[in-house]
Structure formats: C-alpha cells, structure tokens
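In the two assemblies presented below, chain A is common to both, partnered first by chain B and then by chain C.
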Partner chain A sequence: MTTTALKNPSEAERQLTDLFSQQKPEASQKAAFEAFTRSGLPHRRMEQWKWTDVRQAVSRLATVDTAADTSIELPSDAIELRFDGSAWTIPDKLSEGLKIFAKSGGHDFAQADALPLGALASSMTGHSGEDMLMIEVSAKVDQPLVLTYHGGGAAAFSRVVFVVRKDCHLDLFEHYSGGAGFSAFLAEFGLAENASVDRTVLQESSREEVTAITTTAHLDAKATFKQTALSFGGKLCRMETRLEHQGEGAEATLNGAYLVASGFHTDFTTHVTHGAESCVTSQLTKGAVADGGRGVFQGKFLVPRTVGQFTDAEMQHQALLLENGAEIFAKPELEIYADDVECEHGNTSGQLDDDALFYMQQRGIPKPEARALLTEAFIAEALGDALKGVRDQLIEATRRFLRNQGSN
Partner chain B sequence: MLKLDNLTADVGEGDGRKTILNGLSLEVPAGEVHAIMGPNGAGKSTLSYVLTGRDGYEATSGAATLDGDDLLEMEPDERAAAGLFLSFQYPVEIPGVPVMTFVRAAINAQRKTRGEDEISAPDFIKKAREIGQKLNIDADMLKRPVNVGFSGGEKKRLEIFQMMMMEPRFAILDETDSGLDIDALKTVADGVNALRNEDRGMLVITHYQRLLDHIKPDRVHVLAKGRIIKSGGPELALQLEKEGYDGILGEVA
Partner chain C sequence: MPDDVRVKDSIDKGTVAAAKALESENYSAGFKTDIETEYAPKGLNEEVIRFISEKKGEPSWMLDWRLQAYERWQTMDEPDWAKVDYEKVDYNDIYYYAAPKQGAKYESIDDVPKEILETYEKLGIPLREAEVLLGVEGAADTAAEARGGDQKPRVAVDAVFDSVSVATTFRKELEKAGVIFMSISEALREHPDLVRKYLGSVVPQSDNFFATLNSAVFSDGTFVYVPEGVRCPMELSTYFRMNAENTGQFERTLIVADKGSYVSYLEGCTAPMRDENQLHAAVVELVALEDAEIKYSTVQNWWPGDENGKGGIFNFVTKRGDCRGARSKISWTQVETGSAVTWKYPSCILRGDDSQGEFYSIAVTNGRQMADTGTKMIHLGKNTRSRIISKGISAGRSDNTYRGLVSINKKAEKARNFTQCDSLLIGGDCGAHTVPYVENRRADAQLEHEATTTKLSEDQLFYARQRGLGEEEAVALLVNGFVREVMQHLPMEFAVEAQSLLKVSLEGSVG
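Now for the complex of A and B:
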C-alpha cells in the first residue's frame, strides 16, 4: 500500500510510516495520516512548536523502563476504564446514561491540519484491538468516570470520543502515567446544548518519555466545559487543548498547573475560538520550574468579527522559576476582531517574594519549608476547581514534588 | 536578657552599602520593656532587621546576644525558635496561605527546632479562638490568607495575634502604632501588656509618645545616627514629645 511520503523522514517517522503501512486503513484514517505527513513529527521550525521539538526528542521509537510513581486513590464510586497501551478495558457495569464501546474503523478528525499529533493518533487507532472508544453521555451521570493510561512499549496511541447530549453531565478524571517511549493520545468532546463536562487531568511520565495529549472540544449553546490539568512533564510533554464555542452563552474554564523538575519539559498550549456570541472563557495556568526544567505556555483566544460579539475572556499565566537555570517560555495571544468584548490577559514569570520568605522565616519556618509552602499555595490556586474526589491528592502530589525539589 | 554590645551594621550591597548602626550598645533585662525613639533615618528599623537576620542587613562588628546565645550566628528561623519575635512595621502578604495554617506551621516549626512536640490541633484552635476574641479578630479573618486584603489596622492586630500565639521570650515591636486608630491602639496595647511578665523582655520602637501612654516602658532610649545617644526613664519620652528630637540632639551635641 502507499501513503504520502515524508520528506527526509527521521528514523522515528520511518517507523511510524511502517506501522501505518501494516494497517488496512479506511478513508478517514488515510486522510489523517496524510495530514500528519504534511508536517511529520512537529519540530522547532513550526511556529506552534518552536519551544517543543518533538522530532528531535523522538529520534526513534523505543521502549523505556518506567514506573508511575503517583498512585491515586479513586473515589469509591468511580467507573474506571484502563488503557494498557494497546487496548481499553471497559467494566461490565456502567451507570445509567453512559454508553461506552470500542469502535473500529475510521472516524473523521476535522482538526487534523492544526493538530499533527492528534492526526497521528486518529490515523493509528481503530484498526484492530480496542484503542478507540466512543463514550456517549445521555444523563446527568453522578459517578465519576476515570480513564487510566499506562503502558505501551515503544509507541502508544489512543483516541476517545465523548458525545455529551443535551442537558447531560459528566465528571471525568484522566490519569496519564506513562509507560511508552512515545505516546499520542487524542480526546474529543462534543457538548450539546446545556451539556456540561467537568474534567480533571493528571499527567506524569519519566525523563525518557515523550507524551502528547491532544484535546478538542466543541460547545453548543450554554454548554459548560471545565478543565483542570496538572502536568509533571516528561522528556517532552505537550498538553494541547483546542476549544471552540459554537453556541451562544457557552462557558469554558481551562485551568492548569505544571511542575517541572530537572530534565523535564512540559508544554501547555491552548487555542480557543469564540465562534458564537456571549461566550465566556476563563483560563488560569500556573507553573513552577526547577533548574534544568523547561515550561512552555502558549495560549490563544480568537474572537472573530460579528459571531464573537459580547465575548468575556480572561487568560492568566503565572510562573515561578524555582532556581537559576529554570526556563519558562510563554506566548499569550489575543486575536480580536469583534468590537464589543471584554478580553484580558496577564503573564508573569518570576521568583518567590523575598519579603514573604523572610517574614515566614522570622516566624520560625526554615527557608526550604517556607519556599515549599509559598509555592504550594501558588500552584494550588490553579487546582481549586479539580474534581473533589482527587483535588486533595493533586495538591498532595504538588507538595511531594516541592519537597523533593527542596531536598535536592 | 537582650544584650547589644557596640553593634555596627551595614545595609545594602556594593556601592550602595552604608553603615547604619554605629556602635550601638543596649541591654534589656528580663521583665522589662524598653522603648527606642528616634528621628527618621536613625536606624530603628535597621536594628530590628539586623537582630532578626534579614538578608542585606549585616552586622560587621560588635555582639548581639539573647540570654547569652549569639543571635548573629543563627539563621532567622533559629532566632525565632530561640524566642525572638518581630512585629513588622509593614506586615507582608502571604498569598494562598490561611492565617491558621501559617501560624500553626510556624509554631510547630519552632517547636521542632527546639526539640519539642507539635501543638495538638484542639489546643491550637482553642488558643487561637481565645486570643482572637481579645483582639477582635473573628474566625473568618483567621481563614483568610495572611495579610491579603487586610486593612492597616487588621495587619497590626494580626501581628499581635501571632505574638500572643507564639509567646516569644523577647519581642521587638516596630512602629506597631502606625496605621492604628485610637480604639485599635488600645486593643493592641492591651494584648502587649497581657504578655508582660518577669521572664519576657520587649523592645518597642516608635516615633511617638502616644503608644507609650498605653505600653508604659521601664526605660526610653534615643537612637540617632546609629547609636543610643541618651537613655532615661519614661519622662524622657515626654521630654522628646515637648522639645522634639532637635532639642535632645542639640543638648547631646
């Protein structure tokens, strides 16, 4: 079989092409792979990837020895789906209003050109095994749905499509804990009128792994999408969310925090289009980066003329350089063509306040502890909206990270 | 108790470095409250920062001891654990850390440094409630992040709240009266007076006599140009109020 050839492919790109060639793709999968080959693995000469060079980080696909170190105690009523790197395990009993099935065959991915790693995930899934899920929500589901991703050898791909019907609700927790040399995951959300999703994401992996978690969301009128993400990064990690308000009065909250140790890299990239009137977007991203770590924030609000009228949108990115040698790159962008909108953004990177540190020491708190306490409070602000059942554990994971940094 | 002997200290770095304390000697015995008064730029706040160990405030010669222990050798948190407390002239905001969390962490950190057990949660809460009542600090204020959005008066009351919670052996009150209205001044002074006892010493730094109407000092010292130029009883503060610093400075010169 033939596929579009990549120009000067890297070894990893050749391996990916071989993997795809072994499949019997349907038209949508072919189209997605072709979209992927137009850029290949994203690299620093692409504007959106200038700080996150996947082509360089994934020189070849190879397995890694890793273990997830955060165990999260799930809420007792949680419905857990597990992905082992090639297939999903779905529990026999599901809540009323929740339909989950593995889908084989293709499913169009409309954003393939804007999201090359989303395109890759959609081209590689749905061939065999059970790596592609359709999740339909047709009630207010009380029990939280939990998706656990762990394992996968040299490369792992998964695609999950959420369809949330009118007036329906889903609480969702996703835990990505690595296990594959290269992972590309795609989650797509379609929210009908007045539907709501409350999503919390925890990502962690080892220094050897490259992970891309791509999310798309489409919101009809009065739909609400609330996302809280905590990322510890990896050799390279890209958390990319592309959201579009398509119906009047939709609301999105995109909060996130990144904690980056030496040798780790995390990238939060978001793109929000206000494609309907009177929609609200609120975004708070916080970061803390140690010596030798790298944090990236790229946020964009696009507010077109006419349809974007009465937009209310705020983007804040605040990051702490915990030590000399930490790197933070940030690009907040507002592109506004409508004339009656309220849009704000703020972006700061700095260090902990010396006055506050001294004040705490004067009260008896040793400096490393004072630093950890201040940093934890700083990060926790972005995690306040996480799902109740896991929020304290995310803050505990933050505390553990900061304690480890302090003892280095 | 607190003994400063010929203390000299520099502030700032590089070309901006200046000698602010210039051979300051002072002794505050246990059980006494001393006041330090002086014109702007005399070195009053510098003295409080040198004693508590703030970065950029460096003692270059002389000695400062608390019950014979060399303060200048210790980290700021060790000085706190040794019993030294500073009520800040400008209390600092600690975003995201509620007052109760902060004060409990501080008390337990001090106890840990001293090798003592942590304060139990019920004991801590009971004590906080009692002291809060005395200072007109309600439970809601104790849940808010330290000093964030507090008025000037609330910040000063919170300083005294912390002092009463921590029961330091020696307290420095740096212009605790600034930003307080008359009622708040009385509340704060009552709190300070409640802590006066034979084992505890205090140093009250102030511009004005009015605080000393409420916190009656045993001794008053005048600080100018980095040293104590005159000491006396409470009547010295009244003389200062009447004649101004120029009068006293002229007299000494």
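Now for the complex of A and C:
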C-alpha cells in the first residue's frame, strides 16, 4: 500500500500511519488518509488551528484516564445506538422510516482537505471493525435517535452519514463522553428538500483526552438544520461544523455553549457557505471559562458571488471569563462576494454585569449565588433550542459545572 | 467600473461617485520623471547590501545589522495567510537602490534638480519653504480649505525620491525647538547613538519576512526625535515617490517622542503608472515615552495598476508603535486608495499603564486591487485603551479585507477595546471580508466588537426631520457624520483624494 509519507512525523503520526496500514482500506479511505497526510495532525502554524494545536496535544496514542460518564436520562421512547470505540450496537427494532446499516466502500469524503481530522476519521473506520454507518430517514420519525460514544482505549474513530429524505424529519441527540486518548469522529448530514434535523450534542472528555468532532451538513432548498451543542472540552477538544446551503431558502441554526475548567480546552469552529439565494443562518455561541482554561470560537460566513444573494446571516459569540487568566480567543469572520446581503457578527468577552449582580444582592441573594444564577442564565440562552427530553439535563450539567467552579 | 454597473439602491450615490473617482484611469500622479538614475547592481546579495551601506556612509554596526537581517531573511518564507493573490516577486530581479545621479541630499533647495522639484510641484508638494510660507502652492490651500479655517497650517516635508531623501524643509526652524527631523541616512551619521538606541526596538530585525528584507536593504526614510516636553511646532511629513523602473522602495521611518512631547506626522505616497509590479516594503517604528503622543497619518495612493490588474505597487508594510511610557498615546489614521496589493497592519503595543492606541482607517479598492489591512492592539499595561474604526469599500473586481487583532495580556488589568468595522460592496463583482481576532485573558477587560450594517438610527432621523430637513438631506447629514469619524483624525495637507472620500457613506453595508 502506498500513501504519501508525512513530513517529519511525530510519534502519534507514526502510530496513526501504522493503524491505517493494519486495515484493509477502501479507495475512499486511502484518499482520505492521503488528504490527512498533507497536513498531518493540525498544528498552530496552520491558520485554522492557531489556537488549537492538536499535534502538540497528541504526542503519542495511549490509553489515559477517562472522564466519568455523566449519566443522561434518555427520553423513554429514544432509539439508542452505542459506539464503544470499535463497534456499533444497533437495536433490532427501529421505527418506521428509519434505516440503519453499516456500509463498506463508502463515498469519498469530499471536504477532506479542509477538514484534516474529518479526513482522518473517515480513513480509519476499518480500524474500528465497522465500516461507515449509514442512517437513512424516510419519514417524519417521532422517536428521538440517540447516539452515544464512549471508549476506545488509545484511539477511537467513527464516520456516520445521515441522509434525510424530502419532507422528512429527525430528532437526534449525540453524547460523546470520552474513553479514548485520542478520538476523531465524523458526522455527515445530507438534507433533501424541506427535510429537517434537530440535533443536540453533549461532549465531555477528561483533561487527558483529545477529541475532535467534525460535522458536515448540506442543505437542499427549504431544509432546516438546527444544532445545539454543549461542550466541556478536554485536554483539547475541537467541535467543527461545516455547513453549506445548497438550495434556496434553507435555514440553519448553530447554537452552542462551552464550559471550560482549568486545564481544559474547547474549540468551536464553524464554516457556513451560503451557496444558494435567500438562505438564513443564525448562530449564537456562549462560553464560560475558568482560570487556566481556554475557549476558542472561530466562525465564518462565506457568501459566494451571485448565488449568495439575499443571504441573511447573524453570528454572535459572547463569553465570560470566570477569573483572570482564563483565555477566550475568538475570530468571527465574514467573507462576502454578494452585494445584497445582511451579515452581522458580534463578539464580546468579559465578566458579569456589575449592575445585575448588585441588583440581585440588594434583593437579598448572596453574591456567589447571584453570580451562579446569572452565569447559568447567560449560558442557558444558547441551550434553549436543545431537544426537549435532554434540555433540562444540559442546564443541570451547566449548573453542576458552575458549582464546581466555586461560583456559589 | 462600467457606468451601467448594477448598484444596490440603498447605497449612497455620492459614495459610488467617490469610489469611481478613485479608479485607475483617474490616477493623476501616474507621470514619470525623466532623470538620470544611478542603480545598485540588480538583485539581492551581500554585495548589494554593502553597496547601499557604503553609499550612505553608515557606521559599521549598521552594516553588520543589515547583514544579520539578510542572513535571517534567507531562511524565512513569504507569508501566505492574507487574502491576497499575486504573482510572487522575484527578489533577484529588482533594483534595491536607485538614486538621482546628481547625488542624494542637496545643500540648498536651489541645488535640487529641477526635474525633481517639478515632480513634487506637480504632486502639490512645495519644497521651497518660501513658497509654502506664502501659500503659493496648492497643497496648503487645500488643507486650509478642508479645515474651513483661516489659519494655513505649516508642514515640514521630507521628500524621498526612489531610494534617497532629496530635501527636508523647515529643518532650521525645527532645530530651534529641539526637534530632529531629517532623513534616516543623515541621522545615522549625525545622531548614530540615538538611532542605534531605538532602531529595531519596535520592529525587530527578524520580525517578519518583509520587515526582515527591509532591515537588510532599507535605503532611506525619515527620522524624527521630539525632545522631552516639546510640542512639535508644525506638522511633519514625508512624501514618498517611486520613479525608477524595476525598483523596490524600502524606506524606514523611526519616530521617537520623548516624555511629554507631541508630534503629528503625515506620509503620502505615489508612483508612476508602469506595467510591471513594483515592491514597496517599508518599516515604520514609533516610540512614545511617558505622556507622549504621536499621531501618524497616511494617505496611500501608490499606483494601483490598470483596471485589468496590470502593473501596480505591492505594498507590504510593517508599521508598529510602542506606547512605552505610562499615559502615552499613539494614533494611526490611514486612507488607503492605491496599490495593487496591500498587506499592512499598523499596530500599537500598549506597554505603559494607561496608554492608548487608536486606529482609524478607510480603505477603498477598485479594479483588481486587493487589500488586506487592519491593525493589532496588544494590551500589556494596566488600564490600557484602544479603539479601532475601519471602513472598507470595494468596487470593480477588487477584494478588501479587514484583519485585526486585539490581544489582552494576563496582566493588562481593566483593558478596554472598542472595534467597529464596516464594509460596503459597490456592484456584484467584488469582495468584502472581515477577519477580527480577539484574544482575551482578563475577566475585567471590556471588549466590544461591532461589525453590523450601518443602519441610521430612527431617532436621529426623526430628530433631523422634525427640524425641517427632508428625508434625503437628513440621511446625507447623518451618513457624513459617520465617515467623518475617520476623516476628522486626518491632517489633509496632501489629501486631495481624501477629500472626495468625505462624500463616502457606508449605508447599505453588507457586514
């Protein structure tokens, strides 16, 4: 088997190359790994990774201490798929209009060059003993679909492709709870005309784990993709979403919140292309970071010439530094080639409003409690669209985090 | 842009006209001056650097400094992260030194070759002090008009023609106030210790690819030193003119404002229309000590190339100010209308406690121009404040990018920044981009970033209307106020271009 050799590979990169060679890769996997080798593990000299240096964080692949799995009580009617780091467990009985199957010889991962860790994930699926997982939705599925990811030892990889047919709908909850020293997951969504997906993601890792969750989404006309993500980070965590509006009138909501303790790192990176007229994107990202933690937000709207006319896009990032020494790095970016569009971006970072704190205190609420309440309310705004069955639990997880930070 | 280009209705007509007036076919500074020129051998090597240093009669430490930079430069890669796309320069195919054959600095203004005097006259830059004092020439008139005042401001000019400074006006008068204002080549001879103390202290030799190249081959530029407690009695300026073919211009400017002093400095630049691309890689270093203030303004109007993108200047410039002392202030104002490709980020290092940095910019691109410009505000000291106001206007097939960094260090207690950047597209063939980077490490920092469409406030509009103004008049009034935010920070001695920009509005911004 021949692949391009990595330039001066690190130990981890050598291990990845070995892992790759141990599988029987399909042509598409070879192409993806080839794309990965062009950059190797992303590092800070790459513009898109300047604040999230994966090469430095993953010096070698090894089993590490893992985070306690936050138990989330799933909605009683949920259909649960479990990934243990090497294989999927799929329930026998699925609801009408839902088809789930492993597929070999998957299609090429088209955005491999822009998403090196997505490319890595799609090249490695053979290693996990499973091929790519296909999830096809051909009805309005009432029961929420739940994907849980936990385990894998030194490394875990998966690739899941969602195809949502015309006029169909899926409610989806994904829970990533660590269990591998290094993991790279890829989720691809294809939404046909008027299809809709309501996706909620919860990510947790330990401070020794490096996790990359890469998402791509293609929206046909009038499709709706709604995403709410809550991330607690890890030694390093990258939540990257690359979405393209391909049909007129498609709508996307990309909301997220990050809560970062000392020694943790979370990165929310999004890239939205308005490749069709009159599409709407709304994005709200909130964050709270403790001393010694780092939160990164990189958002980009790309509005191409002609096809992107009448775009309506808004990006907001607001973050709280819980203490001095917390790091919040943001890059809200616009690239616009069409002249009749509305694109806005806003970015703020700082601390809680003193007036609001004072007001609550003079109403008899002790300062730490007032601070916790205000911070929780601040974060919760970005979680309001989460799936009903888990929303309160995400807010409860937020509350727990703030309590542990000594905010009350 | 062709006359029939479709422009969104909400865009102010005056803005479209102002942008059109800046198209390359209207470039008035594009003439060539025929004058015998002496060149260094073509290409870049140690010999050429020695040649430049010798021509300037520099001390040996300066030559060593240049050679060190050259050694470093050979190991560096040209940066490629900016949103500009150009054919890479063949660094061995240009002249690094070109000077009028009749010598560089002239004893008296009467010795300056008449071709050069005429060149500057044609550009509206009078070099004869008497003429400036009498207000004979157009530039001062323009400025006075622009300000609407009766008092004609006086401006001292250092005129740099290709690689050498040819004249510096009002030097004697400035000397009386203790202000040193001369070309950097002269300063290296007359005040070597002062230059040595500050040169490279803001932009180190190996700062970036273009700055390192400049450190190796810089030919001329301006040196300003304002002593403690002195308010510089007039505005200082340098006018850069590139004339010779196949030549790069690499000037180096160093301005030091000692404790409690104040200086306002203005630079202007133009070049002839030539079919080949020419490289301009300058370095500007500003040092403001305790309580000092430096105001630095640029009207950049290098030849932008024709409407098909042929020719034009590559403007790859490193400008940085160091607010070294407490309560110091550095303010950058730029009007960018020229150059085929611009790569330029005038920055402030806010080191002193309570220091302030400001950046005001209007960048207009036409034709096939590409501009990637913005600023960096590095907050290190306590209670440091910065403000960024940037307006980008793209027309034709151009690309205009704002790229800016605000960085709050862990020790920068109570730092504050306000950023506002707006961009406007005129027609559907151009691009407007915004790339702000914000790095915050302080909970008590206050950072605000706004890059929204400039919508007129309903209240303001209502107020103006109920005072009897028609809707159109009211809009014009409010919109003009909006662009004046930048313009009011600009001394306008050279700025005929800038005046037409007063008509510009960003109504109808895209983001």
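Just so we're on the same page, the second predicted complex is superposed on the first by the 399 of 408 C-alpha atoms of A that agree within 3 Å, B and C clash if a C-alpha of one lies under 4 Å from a C-alpha of the other, contacts with A are read in each partner's own complex, and residues count from 1 in each chain.
Just so it is clear, a residue touches a chain if its C-beta (ideal position, glycine included) is under 8 Å from a C-beta of that chain, and two chains touch if they have at least 3 such contacts.
Everything numeric here is computed off the predicted structure, so don't read it as measured data.
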Touching partner for A:Phe101 - first (chain B), second (chain C), both, neither: neither
Touching partner for A:Gln351 - first (chain B), second (chain C), both, neither: second
Partner chain in contact with A:Asp340 - chain B first, chain C second, else both or neither: second
Which partner, chain B or chain C, touches more chain A residues: C
Which of chain B and chain C A:Asn324 touches, first, second, both or neither: second
Doubly contacted chain A residues - partners chain C and chain B: none
Residue numbers on chain A that touch chain B, as the complex places them: 353-356, 358-367, 369, 373-374, 376-378, 380-381
Complex interface listing, chain B residues touching chain A: 52-55, 75-77, 79-81, 85-86, 88, 91-97, 102-103, 105-107, 109-110, 113, 145, 162, 166
Chain A residues touching chain C - in the complex, by the definition given at the top: 47, 301, 303, 305-306, 309, 319-351
Residue ranges of chain C in contact with chain A within the complex: 7-8, 81, 83, 410, 423, 425-453, 510-511
